[in-house]
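Presented sequentially are two complexes of chain A, the first with chain B as partner and the second with chain C.
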Partner chain A sequence: MQDTTKSATNKNLIPGATGDWEIIVGLEVHAQVASKSKLFSGSSTAFGAEPNSHVSLVDAAMPGMLPVINAECVAQAVRTGLGLKAGINLKSVFDRKNYFYPDLPQGYQISQYKQPIVGEGEVEIDADGETITVGIERLHLEQDAGKSIHDQHPEYSYVDLNRSGVALMEIVSKPDLRSAKQAQAYVTKLRTILRYLGTCDGDMDKGNLRADVNVSVRKPGEPFGTRCEIKNVNSIRFIGQAVDVEARRQIDILEDGGTISQETRLFDPGRGETRSMRSKEEAHDYRYFPDPDLLPLEFTQAYVDELAQHLPELPDEKRARFMKSYGLSPYDASVLVAERENADFFEAVAKGRDGKAAANWVINELFGRLNKEGRDIADSPVSAGQLGAIVDLIAGGTISGKIAKELFEIVWTEGGYPADIVELRGMKQVTDTGAIEKAIDEIIAANPDKAEQAKLKPNLLGWFVGQVMKSSGGKANPAAVNEILRKKLGI
Partner chain B sequence: MTDLTALTLSEARDGLRKKEFTATELTEAHIGAIDNANGTLNAYVLPTPDHALAQAKASDARLAKGDARPLEGLPLGNKDLFCTNGIRTTACSKILDHFKPAYESTVGGNLWNAGAVMLGKLNNDEFAMGSSNETSAFGPVVSPWRRKGADTKLVPGGSSGGSSAAVAANLCLAATATDTGGSIRQPAALTGTVGIKPTYGRCSRWGIVAFASSLDQAGPIAKTVRDAAIMLTSMASYDAKDSTSVNVPVPDYETGLTSGVKGLRIGVPKEYRVAGMSAEIDALWQKGIAILKDAGATIHDISLPHTKYALPAYYIVAPAEASSNLARYDGVRYGLRVNGKDVIETYENTRAAGFGHEVRKRILVGTYVLSAGYYDAYYLKAQKVRTLIKQDFDEAWDKVDVVLTPTTPSPAFGFGEKTGDPIAMYLEDIFTVTVNMAGLPGISVPAGLSSEGTPLGLQLIGKPFDEATLFRTAQAIETAAGRFTAPDAWWLAGAAKKGKS
Partner chain C sequence: MQVDEATVRRIARLARIKITDSEAQSLQKELSGILDWVKQLDEVDTKSVEPMTRVVAQDLERRPDEVTDGEIAATVVANAPVTEDNFFVVPKVVE
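Our next item is the complex of A and B:
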């Protein structure tokens, strides 16, 4: 297959003994649909329950049991398709993917093979300093399998069917990614979109977002090489590592004159290597055919339109609006929209205030502090109202930026109303020009040589400001200090 | 008192309401008949007399209060493909072992909610795969019918051979059955009983062990057309638990049963005049035409050009679906398990020991036709044939209301006569499979006897959800041709004739 699509910029090429190589990555992301019950049964999807406590007769594939599609899962898939700017197929078909495994009670997985619910779409990502459009090939709905547990008994494996039948969306990208960083940026962005839409929790620790990573390498401009599929990589960090490790393995083989055989591999994060799981020859023949227990899934354009109308603002749109309405830099806007909760928090702080100041406080002070303590915005000790009040106190000239940081610390640890704290603890900024003038006069008097030099070297102003602030305990209004100093020093 | 087991379902219903006898008496009579006959006929794989008597007692209480439901106190047999809550269900396969479902099939539930009494689980071909009931893990069912002057054991048809034999031998008033390629109509034809496979989606498949999901339908086998109509009225329902169930109101099929066929257009398809069809089957067909003509219907020659492809296409679609449907019998969660050194060997041991020859053969065929590289040539092509068969009928419905054909190409055959020749066995379904492939309703009604003195059936095929017209047409044939009951209860010879008075 001749690839006429995008090529890597030079900085993404990786050097080998025989010249530069280009990495080609495509991803199949399995995202668990956020829904109360399973794709074809009424069982709960709640995480962490006792083994085999969320299993219906259908999930256990008892004789004569039949699947019935969960309408909410269909709506979630359509919403996701819309969020990926993808074509929605008004008719799709559920197929059976047949194979035997103890955690697959039916002996087949119900999936969508030839006619998926969602067709081609795209996702924009920022990586390696550029904006890249990654093509989405398709999205289809399928059942998850149960879980085999091998460490409970010396001779037997145990099976937990709680996950059996939970709805997954398999989102297949085109082979448009050219580096580990891009692959990571893609999954990160996809996760953000899914979380905005509320269609997947994106919690990789709970396994509700995992990726099969397809990697091949080629010399720039040449056709695609043979790819290997690395199964079930469950963190964004591991996705990056797996791409790099696998690309290097393939390059080494090719440069030694070998060939890549198409196969399924596993990434071992402990040893930092991928190893073969099964070759193409050992691949299952899944004997796909349309599931005769289910009619084709059909809905109207009006149904899709209705869902589209209630779609939330998505990260790209929100980012553009933040830049336009609040004058934020692209970087700040990106940071704020990465999580919907963060963006909402920022907007609550920024409402009726200076957007840039609000962004500065949210990103630098609040996020910095939350990260340090490993906490989420949801359990931030400082509310948007409190942070807004701090920003107001600075804007009104009641406190200086430096005092504001102390105030933030007090609010973080002790709570309380910022304005009251400032009042009670005497943190108010001194704007009494008389007092400031007095302090300035004393400092000039104590440093006559520096005052003389300042006329020639206006940079010394900073030193004087520092001295005044120090003598006032940080409470002097910096603007007033500057103004009076300039006058007195004749700058 | 007359033999209560000789009553039809409708006669028994009326007798109960007139308090001529009680549901308990009626049930006891049937339990006695089963005791006497089952050792010879093997129609029941699990009689449930205690269960039946408890239900009958409750029915008697309701009857006494004048609070009778449509099937109050009427004892029925239940094909072992229908899951029964707390009662062993095996599909007559070793692989299900002593499986006891914790649920009742929707169709079964409908019957018991209508007041019916379950006498037990009826024999069938293993997983409903067969046309003679010879593939059952519980052994074959013997038909109550014999050839004139002979004691050769004849098959009762299949796969619902337990149902047809039990109804024909008065071991129940009526029975549940299922039909994937002819498994209600063919056994009905071979035993002088009435069997209807309703429109696909008319009865819920929930709780019925699946054979081929896109073809399976439940229906009754009964002594008369009226009884079949009464049964289907209670069996049919829309069921949200079955995605292929269709939400169309269920009429009372007994109403209008005798309103005749005047002006009804009957189609006679030339393609059903197959090579090698015996003269007596052709004569039966002509008799059916004459009866309906006399009753005021008009007869029309029609063409269903893709008929000849139906049977080969059926033997691709049905095994393909079966190979997947039967994957769940893996020894992991329920039923038989034969342990091996690892999970693969456990699968192999379990399935080798659990499935009989015919089932294994069909799983292999189904697996083959779905395999990569063969799917397009077999499964996809078979589905295209299916569409063409549907189109044939759609065009026919512009010209006629009902299609009349024989049910089977030949009368009942002896044990082992066709087991060595799978093609001959599969040809048993040649007139019936098209109906499953097109999802249409079809009824078999007895219309005469063969030269050997065994029953023959005619098949009527109707438009989707037009079962009412089929019942009315079948009633016209039954009225003219009469009923065909097994001439003598030979199977009681040797058995104490208790319960007979």
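Our next item is the complex of A and C:
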């Protein structure tokens, strides 16, 4: 395979001793389907249960047990396919992928091989200052395996099958990514889409979203090099690090005259390196064949259309709407739509108000403060109603921007109705020109030399503005102060 | 179709079945015979025939997304040679 179109515009080449190299990345993301019960059994998918409690005799692969598919998992896969603008296959087939491991009691994983439920699609990402379309190769449904714990005993591994049989969507990208940043942006975007759709909670800490990262390198314009697959990387930060260290490792080998052998590797974040996971002599031979326990999965176009009708507004559409309806910059709109809850909060604040002002307060003040305290929008001490009221008070000229920040602080720590707080604590902006003139006159009278200088050095105006604001306790309307000062000082 | 002995050993290994040298030789003959017998089907032209997936007209059975099973940890591990706190305990496997 040769792809020269993308390298022509690639600004992400990395230098080596023999010239520039291009990184090629493709990802297989495993996303746990949001469902109450497992793909082929009625046991619970809830996280953190006692060992082997969410396990039925189907999940434990007891003889004679038969799989029955969960209709909701099918719907979730179709919704995800639609969200990825992908072709939905009205007929797909479940296959057995055979291998032996203690946390795989069946001795095979039920997966989809030649006929997956979802075909080609695409995801748009913003990275490295440009918008890139990343191709989706396919999405298929499969079972998760159980969990082996190796650190409980020196000679034994402990096996818990709670995850065994939980539905996963494996989402395979095309090798369209050209840097660690792009790989990170892709997973971030994919996670956002899944969360909007409600088809996967995207919780990477719990392993509900994890990625196998395929990395190869080549000289620009040359055919793809041999790739290595880095298994089960479970954070966006590590995905970036894994791409960078693996690319560097491959470049070093190639520049020393070596060759890359296709293999599965593991990223060790502690050491900042990847290492070989499986020896090559035991090359994998999964011997896929159609699972005789399951008929092909078939549904109608009407079923797909029905699901499509109920899809929520997706992040790209929402971003475009925010820019159009509220006049937001692409950057602000992107920040707001990254999480659906944030976008909803913003819209509640922006409704019937100036969108830009609302965005400014939500992003800079509220998100800034939430981040600082490591809190979520869900437990924000300031509600959308309260923040909206603050924005109204500024827009109506009742308080200045500076006082508004103090007001925000009070609402954050003490709560209450912003308008009442302003009234009770005398925070109203002074727009009464008589009062402002009086304060200005006093300051000019107290500083005759500075007033004289200001005629020659107009930037002294700032000092006067500061003095007036200080004497008014920040409540004087800054525009009015500026205007009157200029008149009085003759600037 | 001839299956060689190396292939027989590989298949046995993938299936985790231990076979002796003499078994490998007899299995080689048996498997070759089975494949030859099945190969007769190649004589039929199936280009325009859909692969058969069911004998009776039936769709894939689906169930609603409800928790109806599980919570039987003691039963699940009852046959395991070694357990601890309802974990299966197996010889150490680390990759």
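The rule we apply is simple: the second predicted complex is superposed on the first by the 463 of 491 C-alpha atoms of A that agree within 3 Å, B and C clash if a C-alpha of one lies under 4 Å from a C-alpha of the other, contacts with A are read in each partner's own complex, and residues count from 1 in each chain.
Keep in mind that, in the parts below, a contact is a pair of C-beta atoms (placed from the backbone, for glycine too) under 8 Å apart; a residue touches a chain by one contact, two chains touch by 3 or more.
Computed from a predicted model, the values in this text were never measured in an experiment.
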Contacts of A:459 with chain B and chain C, given as first, second, both or neither: neither
Which superposed partner A:106 touches (first chain B, second chain C, both, neither): first
Contacts of A:294 with chain B and chain C, given as first, second, both or neither: both
Which of chain B and chain C A:262 touches, first, second, both or neither: neither
Contacts of A:96 with chain B and chain C, given as first, second, both or neither: first
Which of chain B and chain C A:325 touches, first, second, both or neither: neither
Partner with the higher number of touched chain A residues, chain C or chain B: C
Touched partner set for A:61, first chain B, second chain C, both or neither: first
Touching partner for A:159 - first (chain B), second (chain C), both, neither: both
Partner chain in contact with A:74 - chain B first, chain C second, else both or neither: second
Chain B and chain C footprints on chain A, overlapping residues: 57, 60, 68-69, 98, 100, 102, 157, 159, 285, 287, 294-295
Chain A contact footprint on chain C (complex, rising order): 10, 14, 16, 53-54, 58-73, 75-77, 82, 84-95
Chain C-facing residues of chain A, complex: 35-37, 41-44, 50-60, 68-74, 98, 100-102, 148-150, 152-161, 266, 277-278, 285, 287, 290, 294-298
Chain A partner contacts - residues on chain B that touch it in the complex: 83, 89, 91, 96, 99, 101-103, 105, 205-210, 212-214, 240-244, 320-321, 323-324, 326-328, 330, 332-334, 343, 347, 367, 370-372, 375, 379
Residues of chain A touching chain B in the complex: 57, 60-69, 96, 98, 100, 102, 105-108, 157, 159, 285, 287-289, 292-295
